[in-house]
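So, here come the structures, one by one.
Consider the two complexes below, in which subunit A is the common component and subunit B and subunit C are the respective partners.
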Partner chain A sequence: MKRIKITITSFLVVSLIQAQFSVSGEINPYAMIRTKDSSKINLPFRLLSLDTGYSFESFDIKINTAVEHRIKTNKSLLDLREAYFAFYPEWGEVKLGKQIHSWGAADAINPTNNANPYDYYYMFKVGAGTKVGVLSLASTYYSDSFQIEIVVNPYFNKNRIPYAEKDFPLAPDNEPKVKYYPNEELEIGVRLQTSLNIGDFSLSFFSGNDRMPSLHTGIFSNESSADISMDLGYRRTAMLGLDFVTFIGDFTIRAESALYETKTGIIENNNRLNNFYVLNEDVIYSQYVFQFEYTTSNDLMFSGQFIGSRTINEDRKWQNNSIESSSGEIIIPDFNPGMGTPFAMFSNKAFLISSSGVFLDDQIDIQGSVMLNLENSGLFYSFGSGYSPILNWKVELAATQFLGSGKPKDPFTLMEDFSHVRIGIMYNF
Partner chain B sequence: MGKKHSIYLKINTLVIIFSTSLIYGQTGREIALMVDQLPSPIDISNESTMVLTNSKGKTRTNKMISKSVDGNKKQITWFIEPKDDHGVAFLKIEHDNKDDEMRMWLPDFKKIRRISSKRRGDSFMASDLSYEDLASREIEKYLYERREDVIIDGVDCFVVEVRPTEKVESSYQKHLSWINKSTLSVVKENSYDKRGELLKIKKFTHKKIKDYYIMSEIYVENVQKNHSTKLVIDKMEVDAGVKASLFQEKNLKRLPR
Partner chain C sequence: MLHKTYLAILSILISFCSAQLSGEEIVIRMNKNPNPSDIKIKFKMTLFSNAKKNKNKKHYRLMEQIEKRYEDGVFNSKLLLRFMEPKEVRGFSLLNWSWVGEKNDDQWLYIPKLRKTKRIRPSDKSRKFQGTEFTYSDFIKRDTNLDKYNLLGSDNFRGNKCFMVEANPINDLSYGVRILWIDDTDYLLRKIEFFDNINEKIKVLEIFDYVKNNQYWTPTKKIMKNLLNGSSTKMEVINVSYDQGLNDNLFSEKYLKRF
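So, the complex of A and B:
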């Protein structure tokens, strides 16, 4: 026993001597002011992001935390965004713990990136900050010409939605009570990437559960549309994805496409109610992004993204004790995808133009983007700039404006109230 | 392997010294070949500081760690400072018969992004060095013309004009290189843009480590922008046994110890 203790102590001492600690992060207080009436938008933001790491030989421990703050209530919340253990053998890497995975070749909008739920509070940000970390086991094998990644999520995870947030126009008024949670929680993803002279090509597969709830059952009075109660649940969805990056002349092309098949799980009529109906859905839908980018000799980057989604095949019906209700008796609501990029809820066809550049030795950075709804007349545009007079400090100013089609249910119209100016300071350490 | 390599280096060095002392009537290409055939380390590891100075004299400092093998044909660089770039890493693999591969690890996105290797004239981390400046030059893809020898800062130099051929995509029309006759190391180079106007003045300082003359400082001035970059190698190690397997995507994600 004493020998074991000595061995463990020696190992820990040697580990501490040879190990490398790293701490980095940012402090980023900001305020969002509504363009319409100069009122403050009361939403939380990440005041502090802290990335800590501990490396020893082929092992890493990574912990990423954030302090989320809300100005109006002056309340802060500690968020453990990631905490995982990584092992790097000669052939690749193995990671276990709460982590964020990033799949897909396109920038910001990635239909194939489904291993983690989205954090809708940060849906207009870019990068891993838009995602919620989940407990998973991931491993990647690297060879000279290809790599294969496997992700296993043992538990079900849902999107973080800003329920009952009056200042977020797309937020539901209340958090709905979800009755039907997945019977099968296990989620598996596989991604195969090959590198060729002309570019990188990837094929991916993900089998998991919807991140957004959808209507599952209803109890109707006298088999009419006048419902007594409706219950939500999460469907099982499988995704087959393809993405690539290639270079044509001075242009870089990044494209990504995902095909989803979603099905309602088996739901029993436990209470043997005659007016209990199940909305059985079996839908195939797709989402895609086609992106081209060009960088000028002055390091100005221009990119264009064509973003689309469409329902390919749908079989959706209310069923009562395995007997289909006749059409017209009970209204079938519109189909809502529960997996994929959140931008699909804005439009089925949109075009996003972005540009960014840095000036005066990285002291000034400027970005601008315009998203055009190709289906209706909605659009949003944003402009952002950062000025760094002192190294590691930056003053940020950004503006986002939404213009809807005028139709009340159009997301662009709803988001008009969210148009705002953002002022903040960022300190990197 | 180590002994064989050492003998090979010694023979090479003797051949070069013998050659340089006897044949002063070489052509530009022969001088370039001599420079190309200089013994070079199997691998180089370094920590460096890059100071950018703008026309108003304001500076910005970048720190990075880099490892390379095969005469810089495979290179991995991790950025340490400025802090907003901390953890960003860059992997370059040059190929003889196909396009080079360049990838960047962006920690904020948790993503490795393949970037075009065709735009070799793009600036490297907002410095006055372009990716082309950092790449090795393949002899057969350039034309060399010897100019009149000069003495600069007391160093007797060959002067060679280097012009890219159609086999290579270049943002330059030509370079004028000053090569130290005794060490065959490039001490200065002027690079001209496509219009033939002077664009960059580069000065190189070399340090002898083991049997090699290795660049320890690079000063680049973009005369058209009145902007300069000074890259100083703070720590350097050669032939330290850097493994070929280091030049994999997964290693971009881990800062070296």
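So, the complex of A and C:
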């Protein structure tokens, strides 16, 4: 027993001596001021991001946390964004724990990246910042010519939506009560990537549950088909994705496309009501991004993204389980995708032009982008700049402006109130 | 007396032989200097912009570079560069696979904020490296066969007598002509002048110090000057180690993401 204790203690001491600890992060307080009336926008933001790591030979432990702060109420919340254990054998890597996965070749908008839900509070950020970490087991096998990644999420995970946030115009008034949670929680994703001389190509598959709730059942008045009550649930959705990056002349082409099939799960009429209807949906829809980018000799980057989504085939009907008949009288609401990129809620066809550059030895960075709604006449444009007079410190100034089509339900029109100027400081450590 | 005569003859013979060397032979001799099978360097890059001639040392990059060179097989070398500072770009990394022959290099960038590895266009090598006056290609050893060499003459650089060799890319539009200053004693590269496609001199690299560790020469201080905008970047080696037996796995997407 004593020998075992000595062995374990020796191992721990050696591990600690040889291990590498790392701590990094950023402090980023900022304020968002509405352009319309100079009032403050009351939404939470990540005041502090702290990434800690412990590495020992082929093992890593990573813990990434954030302190989310709301200026108006001066309240902070600790968010454990990721906490996972990673093992790096000769053939690849294995990660277990709460983590964020990144799939897809395009920048910022990735229809194939569905292993994690979105955090809609940060939908205008890029990369891992827009996602919510989930408990999962992920493993990647690397060979000379290809790599294959498998992700398994044992539990159901949903998007984080800014419910009842008056300062976010697209936010629902209150959090809906969801009655039907997935019967099958397990989610599985596989991504195969190969590198050729002309570029990288990937094929991906993900089978999981919708991240956004949708209408599932309704109890209707027999006389008028007016609804008495409606209940929401999460559909089962499978995604088949393809993405690639290739080079044509001086241009880099990145493209990503995902085909989704979503189905309502089996719902029993436990109430034995004759006026209980299930909205049975079997819909195939797609989302795609075609991106081209060009970098000038003085390091200015220009990119254009054509973003689209469309419903390919839909079979949607209200069905009354007790008498096994369907009703054509009850209005079927518009289809809402429950998985995929959040930008689909803005438009089914949009064009995003972006540009960025750094000046004065990287002391100043400037980015600008314009998103044009090709379906209606809406657009948004944003401009951002950062000035770093001292190493690791940066002053940030950004502006975002939405211009809608004038139609009241157009997301660009609704977002006009969200047009704002953002002023902040960032310190990296 | 006889001894002195031999020395004189030997000296004449050496200078005669040197004079007979072609540009290509000089470059081959330079490349024949012993090279480690792998190298790990930590270095600092300090940026001086034309507007800031006060040599503000606060704008610097701290980086780690590991490189593995291959004697045979399909690769010339594999290289991984990783940013340590500034903290905002900590973990930002570049992986380069240089293939034997004319096949373009493969390059990937890891961007920690995106948590994503991006394949980048090989000709992007001629682009500036993260705001410095160095380009991505300055970190990668160029295959001798890709250029045609022409001896222009000789010149002195900081007390070293140097051959001036013109290197003309044979079939690579992303490179312009370069003039190399190679010293005539140790065959070390001392200076490079870079020209664009219309033969305008655009950059000058000056290598000030070399250190010899065991049999390997390492440039420890070099400055790249941009003649078009007046800016320059100083690169100083902080520490270096050789022949560590670096595993091939380190030059993979897996390791690119692990920091």
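Definition applied: the second predicted complex is superposed on the first by the 419 of 429 C-alpha atoms of A that agree within 3 Å, B and C clash if a C-alpha of one lies under 4 Å from a C-alpha of the other, contacts with A are read in each partner's own complex, and residues count from 1 in each chain.
Please note the rule applied: a contact is a pair of C-beta atoms (placed from the backbone, for glycine too) under 8 Å apart; a residue touches a chain by one contact, two chains touch by 3 or more.
What you see is a predicted model; the values in this text were computed from it and never measured.
With subunit A as the common reference, subunit B cannot sit beside subunit C without a clash.
With both structures placed on the common chain, the touch criterion links A:T52 to neither subunit B nor subunit C. In the superposition on chain A, A:T295 makes contact with both subunit B and subunit C. Once chain A of one complex is fitted onto chain A of the other, the partner contacts of A:S139 are absent, as it touches neither subunit B nor subunit C.
Within the superposed three-chain model, A:T35 lies out of touch with both subunit B and subunit C [touch as defined at top]. Once chain A of one complex is fitted onto chain A of the other, the partner contacts of A:Q20 are limited to subunit B, with no touch recorded for subunit C.
In the superposition on chain A, contact is made by A:G127 with both subunit B and subunit C. In the overlay built on the shared chain, the residue A:I390 is in contact with subunit C alone; subunit B does not reach it.
By the document's definition of touching, neither partner reaches A:S377: not subunit B, not subunit C. Contacts of subunit A with subunit B, set against its contacts with subunit C after fitting on chain A, overlap at residues 24, 26, 60, 88, 90, 92-93, 100, 102, 126-129, 140, 142, 147, 195, 197, 199-200, 245, 247, 250, 252, 295, 297, 299, 358, 360-363, 391-392, 394, 426, 428-429. The part of subunit A that touches subunit B in the complex is made up of residues 18, 20, 22, 24, 26, 51, 55, 60, 88, 90, 92-93, 100-102, 126-129, 140, 142, 147, 195, 197, 199-200, 245, 247, 249-250, 252, 295, 297, 299, 358, 360-363, 391-392, 394, 426, 428-429. Those residues of subunit C that touch subunit A in the shared complex are 47-49, 51-52, 58-60, 85-88, 90, 103-104, 106, 111, 113-116, 118-124, 126-128, 130-131, 231, 249, 252-254, 258.
Across the interface of their complex, subunit C is touched by residues 24, 26, 60, 86, 88, 90, 92-93, 100, 102, 104-105, 107, 126-129, 140, 142, 147, 195, 197, 199-200, 245, 247, 250, 252, 295, 297-299, 358, 360-363, 388, 390-392, 394, 426, 428-429 of subunit A. Residue ranges on subunit B touching subunit A, taken from their complex, read 52, 54, 58, 60-61, 82-84, 86-87, 95, 98-99, 101, 106-111, 114-119, 121-123, 126, 227, 245, 248-251, 253-255, 257.
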